[in-house]
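One chain, chain A, appears in both complexes that follow, with chain B as partner in the first and chain C in the second.
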Partner chain A sequence: MQYDDKSRVEKAKKRAVVKQTEARNRVELFRHLPQYEHGTQLPDLETKFFELDPMHPAVYKVGLQYLSGDIRGGNARCIAMFQAFKEAIKDYSTPPEKTLIRDLTARISSYVSFLIECRPLSISMGNAIKFLKNRIAKLPLALSESEAKSTLMLDIDRFINEKIILSEKVIVKHAVTKIRDGDVLLTYGASSVVEMILLHAHELGKHFHVVVVDSRPKLEGQLLLRRLVRKGLSCTYTHVNAVSCIMQDVTRVFLGASSVLSNGTVYSRVGTACVAMVAHAFHVPVLVCCEAYKFHERVQLDSICFNELGNPDAISKVQGRKEINYLDGLVNQENLQLLNLIYDATPSDYVSMIITDYGMIPPTSVPVIVREYRRDHLWS
Partner chain B sequence: MDFQVVVLAGGNSKNLTPLVSKELPKPLLPVANCPVLYYVLHQLEQSNLKDLIVVVEGEDAALLVGAWISGTFIDRLHVEIAAVPEDIGTAGALRAISHHLTAKDILVVSGDLVSDVPPGALAATHRRHDAAVTTMLCSIPVSGPSESGSSGGKDKAKKLGRYNIIGLDPSKQFLLHIATEIEKDARISKRILHAVGQMEMRSDLMDAHMYAFKRSVLQEVLDVKDTFQSLKEDVLPYLVRSQLKSEALLNRTPQGEENGNEKVSSQNNQAFISRILANASTPSFHGIYSKNPDGSSSTRKTHKCCVYIASSSSYCVRLNSIQAFMDINRDVTGDADHLLSPNNIIGPSPKLGTKTTVGPNCRLGEGSEMGDKCQVKRSIIGRHCRIGSHVKVVNSVVMNHVTIGDGCIIQGSVICSNVQLQERVELKDCQVGAGFVVTAGSEYKAESLAKKEK
Partner chain C sequence: MWWRSASFILDRQQEQNTSYPPNPESLLLSSPPPSMADSLQNPKPDISAYYQTRAAHHAVVTSDWLSQAQAAVSLQTNDDVSSGSDGRVAPTGGGTGGDNKTFSVIDEFNSWRKQPDLAEAVAAIRALAAVIRASQATTMMELEIELKKASDSLKAWDATSISLTAGCDLFMRYVTRTSALEYEDFNSARYRLIERAEKFGEISYKARRIIAMLSQDFIFDGCTILVHGFSRVVLEVLKTAAENKKHFRVFCTEGRPDRTGLRLSNELAKLDVPVKLLIDSAVAYTMDEVDMVLVGADGVVESGGIINMMGTYQIALVSHSMNKPVYVAAESYKFARLYPLDQKDMGPALRTIDFGVPIPSKVEVEKSARDYTPPQYLTLLFTDLGVLTPSVVSDELIQLYL
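Take a look at the complex of A and B:
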């Protein structure tokens, strides 16, 4: 939904569960994206805990975790959402005079709109929800309610196993063939797939060095760094402002993605495009590791038309250093606007190869996979 | 939402004699002409929690409370009254009704808590962190002009020495240490301090006695430790102290889902999934503690004790002393008057005599009559009172069916029901128990007058 269309925003607000106040000072270029005042949403949602009757407690819990930032990362969000939906389906019973298919679809849609209000959906979650709705719609009418529910839960399990877990294993298997002894591998942020590749390669006995590049305000690389160091890998940690210095020593770059679009653009955490561009300038191959369920048939040319705006206060504050408060009084001024983008788009020219569970493909083959395999496997 | 609510309404209370008696148990003690239990039940009703268990000490008190509840809340709430023997403490009361508890989480509210903090916030925090227990903390209420006199003097000496010490982690989400009424030393667990790194000690917060427990944890603690009497003093500090070494007590592995999958591959998948989810979020110090240095999960089991800190703009006071009673009465008519239900302002038919002034923050019950030239300031007067002329009532609480003769001066006192004050009585900072007759012309200062129990 485009948020600069006033009438639609008003309608959505009426139906909304989470009451959100729009932030006042917004960048003109990003007015079509939702930007709410952070800090008021969580307490407001908490006070309404017992009043949201149609909401299942598991879905509510996941929504709260999204809102407070307790769960991050495309795979984790998708898995958490599916686990909550499984609980909801388990406790679901068809009301009298209604069909299971329509009512359950409507119920799932209401849960999804609640989750969107907590935090905009990632593309992987969108694909997963499409899959679920498709499976519900294809349920044969002759099934009894308990059989239908168990079929759905099995389908969800199958999706998670095949599309997320198994595909991660396949990606890891492909990717470790690209790691040789003596390599210096660079990664940005904290991608679950890249972490698994590095750990697996280490287990296989390969000798390599890892450079973890991180960026404010989320500093996600620190968690990855902690886990890698604990397993005994030799690591270097730096921030994105030094990436052009460190790129001289790097032999390969492994990046994760939130999604890969049909023109080969990689939609991933903000800063990835920067890293990929610098790698390209230094002739370092860039390998993007992404599960196939995250592919999308959309085409995006820049980072502006579709993105997510995060909490602007996170940029102006440094965690743990309260004395750095230079922007404290200036937040509400007219000529200062804080912009905290979450995602960015990396053009396909900077990407050497995409490693998916269907194999290692060039970025131009993404629409082929979307076209051929999506119809067969995802929505069969 | 799978929450069950238990209201601990108590019965008799030694701190509040002579206000509390056999005919008037503590939960029915009127605050601004409305029993204190009303505030708790109203708050729960507004949060859409309609199925409650109210635990009262003593059979007679339970009958009285039950009668009042069914009268006031017919069809609005579904309340189950449980009577427990007297003096078994809050933990004992929960033990007695333990077989009634079926939901996944239990919300325990004290019946003498007057506050406007929504219980939903506490419940949401509890669920979000998957905690074993969540406590609500509020700032210590500033008490009004404290009573002078013998009982007040003793309290003052006590107040100077006693503190509530609360230890929180840097993100103010987890409870690391709790100790109430400390006089000299406080002992802090080194293991917890070591695991978390930084602990913030606060003495300006107090435990508001609204808890959310995981039912399995609560029942296990009550079964195993059957000497525990009080939730606030025994159970909660025990859970907080043992939050990093709970293997002896609590079985924390989620056995339900894992047992169903016999195949090794599906167990591997479960492990995979939980690893992805665990890696996605910043681990709390519990997670870090329960891992061995090389990253594998060790057998150390932990449980989380979370807090919800009520914002400083919310009102939260417990009625557990006479001073608190006066303060709550004053606040509810003054600053916190959003707590009152709308049908509680000056009743429909108080008869005021000529030249009688009633101050702004007062409440007069229905059927009360006042004589001429009276002054009522910052006070609450109950129903069917007969107040004579030239009477001055300042800063006091007068309950129902009281007769006050002419020329009385009442300051800072509490006068219970059915009391008769004859002419020219002067009371300052006194508490007069129910049914007492104060003879004419007497002057009392900071005393507690009660009819001798026969």
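Take a look at the complex of A and C:
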């Protein structure tokens, strides 16, 4: 939904569970994206926990976790959402005079709109929901309610197992062949797949050095850094401002992705495009690791038409450093607009290879995978 | 990159002094002729047998010999098939597989490989087809296992040849990918497999003609073509163009250390095609006069790039910077599921280089025989599947392997 369309926004507000207040200074270029005040919804929702009738408590809980930022990362969000849906399906019973298929689909749609209000869906979650709705629609009518429910739960388990967990293992297996002794590997942010690749390569006894590049306001790289250092890998930590200085010593760049689009564009955490461009300028190969269920048929040419806006206060304040909070008191001025983008789009020219569970493919082959395998496996 | 730092160089020197005392004589010898009657173990595992064979072919064979060999091949094929089927299927009597061990896929492969006109991958395919024919298996699983073992032993025999590995893999996919085989009894299924194997061998063999015909549109009257390396496909393309009475001239690079340019210029002179020989360093100098670059390929990788004789990458870079198109003529069985990220990301394929004068033992020699050309420097690929852009290679590989 485009948020600069006033009538639709009004309608959506009436149906909403979460009371969002619009951000005071909205960035003009991004009016089509939802921009809300952060920090006001969570206490409000917590008090309403036992009052909300149509919402299943597991889904509610997951929504709150998204809102507070406890669960982050495409895979983690998708798995958490599916676990919540499994609980909801388990407790579901068809109301009288309604068919299971239609009613359950409507129920899932209402859960999904609640989750969207908490935090806009990632592309991995969108694909997963499409899969679930497809599975529900394909249920044979003759099945009893309990059989239908157990079939659905088995399907969800199978999806999580095959498309997320096993495919991560396959990606790690392929990626580890591209790491040689003496390599200096650079990674940005905290991608779950890249972490697994580095740890596995270390277990195999390869000698390499890792450079973790991080950026404000999320500082996700510190999470990854901590886990790597604990396992004994030799690491360097730096911020994205210094990436052009450090890139001369780097031999490979491993990046994760939220999604890969049909024209080979990699849609990932903001800052990934910078790292990929600098790597390209230094002729360092960029390897993007992404599971195939995150691929999307959409084509995106820039980072503006589809994105997510985060909490503007996070960039105006620096935690724990009172002396440099120069924007204190200035935040509400009309001529100041704070922009905290969450994602950006990296053009396919800067990507050398995409490692998926279907093997190592060039970025131009993403639509081939979408064409051949979505139809057979995911939506069948 | 830190492995260019001083400490790294010191470490490497230490390693080299302790484990590899260099032998001064080995640098003086030119490549010894490969023994044709190879046992199952490749006698020189660190020198790429593939490149040695090619060197031998380039050095020894003249075109008259080539045409005689071709004629002999067509006769020999018939003989070989009949003798093969008679001599090997005969001991089918109720015995176990024990007496069939005399049939070795490596021997069969080597006998096919002797023919200079036959590509190595096609020889492998024909050898594998012979394995099916000579097989004593009684079930489909057994036959597949035998085939897999034979394919693995062929691949292990020379691990540096990409077209050999790719050809074996493709053959296995092509032949065993049938679901209709489940419904028939074993003998008719085996017969079907043999048919498919022969067909695949035929297609691969005829691939050169198809490529030659497809590339005719790109050679226009008055054009100048730069050729690097001695590819039989490229030779076929130029031969067909000459037969079609096109007026063009060819620049051949010398192609050190194999001297491929000398061979090629010899062949082209016989066809009355104007040929000019250049030393490898003169490519940039003459690139202004060139209209297109035509090369073959040892292997086509998943990114759409090619692996070819050393020097191809250089020429592609120069042509790209001067906006000249680079065309690659390669059969489809050379498509391999490799994805090199840079020059060092491939398995090494070394061959000894003879400089003509003794080199002191302290001096290192870059012995790699091949390099990788990334897809952004290639314009089009002429294959038996059609005229393709480099990004389509991955499409074809996905459709074939997944």
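A few notes on this one:
Following the convention adopted for this analysis, the second predicted complex is superposed on the first by the 378 of 380 C-alpha atoms of A that agree within 3 Å, B and C clash if a C-alpha of one lies under 4 Å from a C-alpha of the other, contacts with A are read in each partner's own complex, and residues count from 1 in each chain.
Just so it is clear, a contact is a pair of C-beta atoms (placed from the backbone, for glycine too) under 8 Å apart; a residue touches a chain by one contact, two chains touch by 3 or more.
Predicted model only: the values in this text are computed from it and were never measured.
For the composite obtained by overlaying on chain A, chain B and chain C can both be accommodated side by side without a clash. In the overlay built on the shared chain, the residue A:E372 is in contact with chain C alone; chain B does not reach it.
Touch criterion met: A:L64 reaches chain B, while chain C stays clear of it.
Looking at the shared chain after the overlay, A:K231 reaches chain B, while chain C stays out of its contact range. When the two complexes are overlaid on their common chain A, residue A:E46 makes contact with chain B while staying clear of chain C. By the touch criterion defined above, A:E195 lies against chain B but remains apart from chain C after alignment on the C-alpha atoms of chain A. By the touch criterion stated above, A:N161 is placed in contact with chain B alone, chain C being left untouched. Look at A:N75: by the touch rule set out above, it reaches chain B but stays clear of chain C. Touch criterion not met for A:Y92: it reaches neither chain B nor chain C. Note on chain A: of its two partners chain C and chain B, the one contacting more of its residues is B. When the two complexes are laid on top of each other via chain A, the two nearest Cα atoms from chain B and chain C are 25 angstrom apart.
Within the complex formed with chain B, the chain A residues making contact are 43, 45-51, 53, 57, 60-61, 64-65, 68, 70-73, 75-77, 79-80, 83, 160-161, 164-165, 190, 192, 195, 223, 227, 230-231.
Chain B contributes residues 1-3, 47-49, 118-121, 123-125, 127-128, 269, 272-273, 276-277, 279-282, 293-295, 311 to its touches with chain A in the complex.
Chain C meets chain A in the complex at residues 1-3, 8, 302-304, 337, 339, 341-342, 345, 375, 391, 394-395, 398-399, 401-402.
If you check the complex, the residues on chain A that touch chain C are 178, 182, 184, 209, 248-252, 285, 287, 352-353, 358-362, 364-365, 368-369, 372-373.
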